[in-house]
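Going in written order, the chains are labelled A, B, C and D, and every chain counts its residues from 1.
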Amino acid sequence: MTTHHFVATSFHNVIGTIPAALKVASGDIVITRTIDAAGYDEEDVQRATGPNPMIGPIFVEGAEPGDSLRVEILEMTPTRDIGFTRSVVAANVIDPETVRDLPRSDKTLWEIDRQAMTVRLKEPVAGIENLVLPLSPMVGCFGVAPSLGQAISTATSGEHGGNMDYRVFGPGTTVWFPIFSPGALFFLGDCHAIQGDGEIVGTGVETTFEVTVRLSVEKAKPMSWPRAETADDIITVGNARPLDQALQHATTEMLTVLITDYKLTRVAASHLLGQVVRYDIGNVFDPAYTVACRVAKKWLPSR
Amino acid sequence: MTTHHFVATSFHNVIGTIPAALKVASGDIVITRTIDAAGYDEEDVQRATGPNPMIGPIFVEGAEPGDSLRVEILEMTPTRDIGFTRSVVAANVIDPETVRDLPRSDKTLWEIDRQAMTVRLKEPVAGIENLVLPLSPMVGCFGVAPSLGQAISTATSGEHGGNMDYRVFGPGTTVWFPIFSPGALFFLGDCHAIQGDGEIVGTGVETTFEVTVRLSVEKAKPMSWPRAETADDIITVGNARPLDQALQHATTEMLTVLITDYKLTRVAASHLLGQVVRYDIGNVFDPAYTVACRVAKKWLPSR
Amino acid sequence: MTTHHFVATSFHNVIGTIPAALKVASGDIVITRTIDAAGYDEEDVQRATGPNPMIGPIFVEGAEPGDSLRVEILEMTPTRDIGFTRSVVAANVIDPETVRDLPRSDKTLWEIDRQAMTVRLKEPVAGIENLVLPLSPMVGCFGVAPSLGQAISTATSGEHGGNMDYRVFGPGTTVWFPIFSPGALFFLGDCHAIQGDGEIVGTGVETTFEVTVRLSVEKAKPMSWPRAETADDIITVGNARPLDQALQHATTEMLTVLITDYKLTRVAASHLLGQVVRYDIGNVFDPAYTVACRVAKKWLPSR
Amino acid sequence: MTTHHFVATSFHNVIGTIPAALKVASGDIVITRTIDAAGYDEEDVQRATGPNPMIGPIFVEGAEPGDSLRVEILEMTPTRDIGFTRSVVAANVIDPETVRDLPRSDKTLWEIDRQAMTVRLKEPVAGIENLVLPLSPMVGCFGVAPSLGQAISTATSGEHGGNMDYRVFGPGTTVWFPIFSPGALFFLGDCHAIQGDGEIVGTGVETTFEVTVRLSVEKAKPMSWPRAETADDIITVGNARPLDQALQHATTEMLTVLITDYKLTRVAASHLLGQVVRYDIGNVFDPAYTVACRVAKKWLPSR
């Protein structure tokens, strides 16, 4: 097992079949530095343009279509004291006739206190002067080269992952992506210091991070949608519009997990999900929305 | 303050402007017994037919259009040892082309252990033989007479409440409904011993309960959608299809709460929601879906 | 067969089980005068308030649940020289982020030339000074008392019909509604001098009409959704949000028609629909949207 | 003006920035032969695999981002006597709980009579033995390289065009695509002998064609979505899920056309659209649905 300190020299606004910037063995650790969603690095130097410039791709040896890529998010350390958000909820998350009442959205700065591990608005805003939030790092956009040689904008997401903006994708979470191309071709970027459900202002607190991941190939483990696991839960993720369809994808994938990995019938899986399933809304802002289907491990049969 | 022991003698499949079965003063407590979603009572005697027969309506003195009805759910005690569910996830929560793989749904019995406060399948199902779930009582369907003299099926929900099937509506939660008719005309029924997010098998564990609520009028408190409060959170609820529109209603109502009750500007409210909001999917099965917008009180400014 | 000249003395904002204002035999003709969507009559006197006040209900003798009500729209004659529209497209039919660019909607008057059978703006609007449209009468809202004793707002629609705002529902078209209550209880109102697809400004040219319909019971003809027939086409109608679900309802009902009335298998029906079906968007404004599924009679096998 | 007889030697399952197979001048005519959606050519030899293999890309000299590409569909001549369809309506166009009643879909052959210009099932199907349909050629999938260097599957569509499956895209229709890459990079394929609205069996009658198009650059003519024109109508096209969003895109683009090209205010444009707009459902099957917004030229002011 090797640890790679990977310094990106170019950045990508699509996730696709692009020449690899780094080759690693399955099980290797990669430590890298991401730039923010607008392309600025930890020194606030613009290195790329939006949307969501990615580092990578990273070629993982042995990865073939039909396998899956396990991505363990081991550590995320902010590398800058400033993050930014948009200042107004997105027009698509409120009743259409009330959109006229919204001001235009501005870029707003937030302070990241790396000692205290907190986040707060740089300029006080009346009524929420005392809002100090815990640093809650997450990866907004990551994934692998999609099927058919497609190259898909990092503004959106799909079976291959991408811009899911799901706040559970932080340190301690392991994510699996279906592999469509030799080497998987892993991309990563767009990290947030914190973000609510749905990313409803169109951003989390966008900033730069040092991210440590372990990348491993799981052979012959086909899946249709990304999957994840935390200390407490197993998770499947659907990316689509509307939310209804994202939820259908996630639920269908969870049924597959329960049938395939836990050997449940559709009826047993239904009894379980019917009474214990949890749904999270990852994002309800990007071109494809993200819904996660989550089941606590304590309710699962042993595998 | 009076406590009414209300025994329903007729049940209703619509929520509407119907002669009151009980009159109470604002602040009174009502203790009543609900029958299950199929119309069976605690002795397993059929007293009504589905969908979701309601007790009520209860006329609350002093309630007028433009006020709101505060419903404190004080206690819910199961009155039967048996509940039922459907056995297969609903066709609308999985990818359409996979529906053909689903078996037909049956009625399945669950045991409710009122000592241990647990719920389990009456007949073991292979793979989940050991699944024992905590009793988690909730009200599936409740609300007040809707606007315009409408009478709306208890299968669905709207601004007036109704069949929201949101698992957070249990003991300890307070719910507010907008009032459209003199006396509010409160209806209640369809209680569940437990239910997952989304009610994706089309039921929770449907059974009978003794329910204790306190009903109070809050004068001149208009609202567009139901609101709620738990020990930790404030909540707004949107009922509509698709999920996207339910979420729009809930988010719009939360903006109204933050602007009106917490004196935030739209920008301040957006900063808060953008980084801390949580969304719950109440139901994704009934004709109208339910999405809750939830904010932890710890992030709110003092009122 | 009797012709009834029915003069409404009260108007209704819900379609529901309400005491009949008129009783007719199956096959009778009713000639009546409707008021406009805002409640004004042909003399511009306010007789009721919105939304969409209905005449009726009309009890049709012999109608029982499980039958259907055939409504032949025989004639529609405008009874006023003035109609009105809203002036700006609805916020929900354009991209959400562009809603801020829309002005607020006003009430705008249109002239109805009953000699020339044309419609034009009363005050010229720059750029469309010469827009003169053909009078194209249609019924915006009609239907029968819904199931379960429900009373549903005339702002929306459902299995029982209601505010479908489908421009094909004009003279020469025959419509069938499923019957849920004895006597069917037919309601009618909200007629338009013309309307585009989708009713995207939230109105057609709203005015008053003399409407002549023949109401007939077809025994033992169950249906799930309204159906219709014109000189050229057979039609089924779905009412729901989003458009996707309205389309699902309409298509499912058309499959039922082809299987039941035309004795086609699902495969034969699919071959036919796949290559010749037409979809119309009735309304994309009201709480429930309306999609019509239409098949030209020339492609149908003989019944 | 040159006429190019272009014989494709390779085919593409994505629309993206790929080395050009042909360079033409603006205004040139291209005559080419397409293969069917499954990759079979006019001799029924498999030349590529699905989805929807495209000829191209064609580099049009002078085309730059911000321009638009005008594609006049001059002629479409079928080059084979056989086409195919799927045999069962797609699961997503009917009510989810009724999907279990559908048989599985098979590939079904259709005869194309190139003399009579008709299409019929090769093997008679009971009930529709006499169904003989007019040959109604259309292009299912065409468009230009999308933004950001993306390469997008020919199964779906977007701002760049793609698999719109809109039956109006046939001979006599002119289509405009926004240009994102130098040379525009035009792709074409997936032609149908006939198709109903929505492509609800998942195919039209899929076959091979000789297609003649003229490709012209219109400088400095930015647009957000494809536009089109027939003898009678101007058209804008939105591609997205659900139908509601596709309709929003198309309507927003039509507003832009009316404001920009016809110098109407938003109010004047609303008056026009409100009473005369027509919507067509291109496809309701592919990952992105297609809705067209259509206005008859006879109602438009002179430009």
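Note that a contact is a pair of C-beta atoms (placed from the backbone, for glycine too) under 8 Å apart; a residue touches a chain by one contact, two chains touch by 3 or more.
Small disclaimer: the values here were computed from a predicted structure and weren't measured.
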Problem - Counterpart interface for B-C, drawn from B-D, A-B or A-D and sharing over half of its contact pairs - result: A-D
Practice task
Name whichever of A-D and C-D has more C-beta pairs touching across its two chains.
Solution key: C-D
Completion exercise
Chain centres from averaged Cα atoms put subunit A and subunit D apart, in whole Å, by 34
Handout entry: Inter-centroid spacing, subunit C versus subunit A (mean Cα positions, whole Å)
Key = 47
Handout entry: Interface hub residues of subunit B, defined as touching at least two other chains
Key = 92, 96, 102, 241-242, 244
Practice task
Could you pull out which subunit B residues touch subunit A in their complex?
Solution key: 85-89, 92-96, 98, 101-103, 108, 119, 121, 125-128, 130-131, 133, 194-201, 203-205, 241-244, 247-249, 251-252, 255, 262-281, 284, 289, 299, 301
Fill in the blank from the handout: Residue positions on subunit C within touch of subunit B in the complex are 13-14, 16, 51, 147-153, 240-242, 244-245
Handout entry: Footprint of subunit C on subunit A - complex, ascending
Key = 90-92, 96-97, 99-100, 102, 104, 242
